[in-house]
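Labels for the chains are A, B and C, by order of writing; each one numbers its residues from 1.
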Amino acid sequence: MTDGADAAPLPADESGADLHSLPGGPRAALEAVLMVIDEPATDVELATALDLPVAAVRTLLEELQRDYDGGSSPDDAPRGFELRSIAGGWRIFSRSDFADIVSGFILEGQTARLTQAALETLAVIAYRQPVSRARVSAIRGVNVDSVVRTLVQRGLIEDAGTDPETGGLLYRTTSYFLERLGIGNVSELPKLAPHLPGLENLADIDDSDI
Amino acid sequence: MTDGADAAPLPADESGADLHSLPGGPRAALEAVLMVIDEPATDVELATALDLPVAAVRTLLEELQRDYDGGSSPDDAPRGFELRSIAGGWRIFSRSDFADIVSGFILEGQTARLTQAALETLAVIAYRQPVSRARVSAIRGVNVDSVVRTLVQRGLIEDAGTDPETGGLLYRTTSYFLERLGIGNVSELPKLAPHLPGLENLADIDDSDI
Amino acid sequence: MTDAGPAAEAPTEPQAEGRPGFEVRLDNFTGPFDLLLGLISKHEMDITEVALARVTDEFISYIRRLRESGQDWVLDEASEFLVIAATLLDLKAARLLPTGEVEDDEDIALLEARDLLFARLLQYKAFKQIAALMGRRLEEEAARYPRQVSLEPQFAALLPELIWRTSLADFAKLAAKALEPKAPKPMEVGLAHLHAPAVSVKEQAAIIAERLQDGGPLSFGALTADAADTTVVVARFLALLEMFRDAVIAFDQASPLGDLTVRWTGPERDWSTERLSEEYEDVPVPAAVPGDGPEPAEAGEEGHDD
C-alpha cells in the first residue's frame, strides 16, 4: 500500500471492478477481511481496504448481518456466528446460544466476574467520566482505591489526565469496556434518570459535598 | 453444562437433541466453534464438544465446506472464508482469492517499530518467563491482551503451555527475540538493579494483586 | 428492591478488593450506603419516606457489633460509617423536636443534612441498579466470543521487518522499571494548595534571642506582634520552650493569667541555636496522659474479645 506512489496509479473504479470479477464479489471480499481482524474495524477502514464507497460498505455489512442472522438463507436458519457493530467497529462473534460449547475451546479471554463493588464503581465511572477516585468514593461512600486498580488492570477503565482543580487523577472507560458491554458508544448506556426519582440536579449535591 | 453431574445422566443422543432445538442446530453450533478457535480442531475434538458421533460431525464439516465454497448457496457464490483441514485439524481461513485485499488491509497502519507498551510488556515477559497474561497485566497494571497478540504475531514471544494452577496460557520469548537483542541465551540478559527484589521473590508481591 | 437480593448474593470472584473480612462481617454490604439501603428495604420502606428512626437504631447497632467484634477495620471505612451514623443520630434527634416548626439555623442544618443524606442515598441506589443492569449485560455479552485468530502465516510474512533499536542495557532498564514493585498510589487529596512555608523553630529562637539580648524583658505578646501568621506564633512559642529548657531565658508572670514576660538569663554573646534540638522533635512528650484512662482500657477490652 505504501508503494502505491511508485506503481502506476490505478483508477479508483478499476479496483472496484476487480472486486466484482472475484468469486463472491465485494460481499465475499468484505467477509475475507472480517476473517483476519482482531479488533473491531470501522466501516471507513473496511471501505479503504476494499476501495469502495463507505456507504456501499455499510450496506454490505448490514446485508451480511441479516444473512448471518438467517434472514436471507433459504431455510431461514441463522449461522453459528454473527456480525456486530460495537465499540465503533464491526467484528464477528460466535452466537451466544452456543456459549457452552464454544467456551470449552477458548482457554483465555473469559475473565472472572466482577465483584459487586467493582461493578458499582465501574457504573459510577461510566456515568460520571472523566471522574476522580475521590468523587467516586464520595458517591459510593467507601474508599475505592483498590477496586479502581483492579478495573484498570482489567482494561475496563484508564487514566484520563488530572483534574485541573484538585490535581487528582481522572478515570474514564475504555473501548474494551464498550466491547465487553456490546455497545458502540458511552451514550448508549441506559439512562440514569429513571433510576433517580425526582432528583435531576443531583450533580450539584454531590459536587458540593466533596 | 457444569450442572450435568447433579442432573440425571443424559443419554448421549439426548444432548444431541438439545443441539437441534438451538437456532441453526448442530451445523450452527459447529460453525460457532470453528469461527472463534485459533488452533485447528480435530473432528474428534469437535464431536466431543458437540456430543455427536464423529461420523456425523465429519459429514457436517464437509457440508459446511461445500456451503462456504458456494456449492449450496442459491446463487452459487462462494463466501469470503473457507473451511480447511490442515494436519488433521479444521479451521476457518479467509479465502485465498482475496489475499491481495486482505494483505493490503493488514499492512495498512502497520508500523515496523514496537510501541513503548509492547516493549515494556516484552521486557516483563523476558524476565519472568514463562508467564501468563494475567500475571503480566498485574505487574504492568494495565490490560495487555492486544499487546501480547502483537508480540506473538511479531514472533518475539510464543506459547509455552498452560499454567497448571490457573489454566492460563503461558508465554516465553523466542529465539528470534534473542537474535534481535543480540544475545545467545536468556541467561545473558543483564541482571536487574540490586534494589529490585530478587526475581524469585516477585511472585509474592504481584500475586496478591491479581 | 426485590432485585437487590439476588444481586447482592450473586457469587463473586474471590475478593480481589483485598479486604474480605470487613465485607464478610457486613453480609456482603459494600459500604455504609449499601447497608442503609439494605436496612431500608428490609423494612420495606420507601427511601424517600421520613421513617429513619428504626433504621437509625439498627444501623447504630451494626456499628456497635462491628466495634465489639474487635477486629481491625479499615479506618477510612470506619470513619465513613461513623459520619453516616452521626448524621442519622442528628436526624433522629430532629424527629424529637416539635414538628413543623423550623426555628433556628440548627433546625435548618438538620433538614439540610437529611436532604443531603437522602440525595446521596438515592444517587447510590440509582448506581446500584445500573450496576446490576451492567452486570447482567456483561454476562450476556460474555457468551459471545469474538473471532480473534492469529494471522495466517502467509499474511504474517508480509509484515514489515521489525525495526529494533533498543540496546540490551535499555531493555534491562525497561524491565527494571516495569518490575519495580509499585507503591500504592497515594489518595489524591490535593495538597498542592496547602503551600504553607515551613517555619523553623531554630530561626525563630535566634530572632527571640537577639531581641531579648538587645531590648531586655519582653512580653510574649510583644515577641509575637510581628508574626505574619499563626505558624510563626507557634514556632516562637516552641522556641521559647526550647530555650527555657536550655536555661537561657526565664519567665515572669505577675498574676495568674497576667502578661507573661520573658527575660534573657543566658550568656551574653556566645549562645547558639545549635544547642536546641532539631525542629522540636526531641522534646520529651509525656508518654501517657494519665487523665485519659477510659480509652486505653477500652482498647484493651477489645483486644480480648475474640
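FYI, a contact is a pair of C-beta atoms (placed from the backbone, for glycine too) under 8 Å apart; a residue touches a chain by one contact, two chains touch by 3 or more.
Keep in mind the model is a prediction, meaning the values are calculated, not measured.
In terms of which chains touch, the assembly is arranged so that all chains touch all other chains. Among the remaining chains, the Cα-based centre furthest from that of subunit C is the centre of B.
Ranked by how close its mean Cα position lies to the mean of all protein Cα atoms, the top chain is A. The interface with the greater count of contacting C-beta pairs, when B-C is set against A-C, is A-C. Averaged C-alpha coordinates give centres for subunit A and subunit B that are 20 Å from one another.
If you average the CA atoms of subunit B and of subunit C, the two centres end up 46 Å from each other. Subunit A and subunit C, compared by their mean Cα positions, are separated by 38 Å.
Multi-chain contact residues of subunit A (touching two or more other chains) are listed as 34-39, 81, 92-95, 102, 106, 109. Those residues of subunit C in touch with two or more other chains are numbered 16, 18, 145-149, 151-152, 155. On the subunit C side of its complex with subunit A, the touching residues are 7-8, 10-13, 15-19, 23, 28, 30-34, 48, 74, 76-77, 80, 84, 116, 119-120, 122-135, 137-149, 151-152, 155, 184-185, 187-190, 192.
In the complex of the two chains, the subunit B residues touching subunit C come out as 35-38, 91, 93-94, 99, 102-103, 106-107, 110-114, 119-121, 123-124, 126-128, 139-141, 149, 152-156, 180-183, 189-193, 196-197, 199, 202, 205-206, 208, 210. Only residues 16, 18, 145-152, 154-156, 158-166, 168-169, 171-172, 174-182 of subunit C touch subunit B when the two sit together in their complex.
Residues of subunit B that touch subunit A in their complex: 1, 22-25, 27-37, 41, 45, 49-50, 70, 74, 77-81, 92-95, 97-98, 101-102, 104-108, 133, 137-138, 141-143, 145-146, 149, 162, 167-169, 209.
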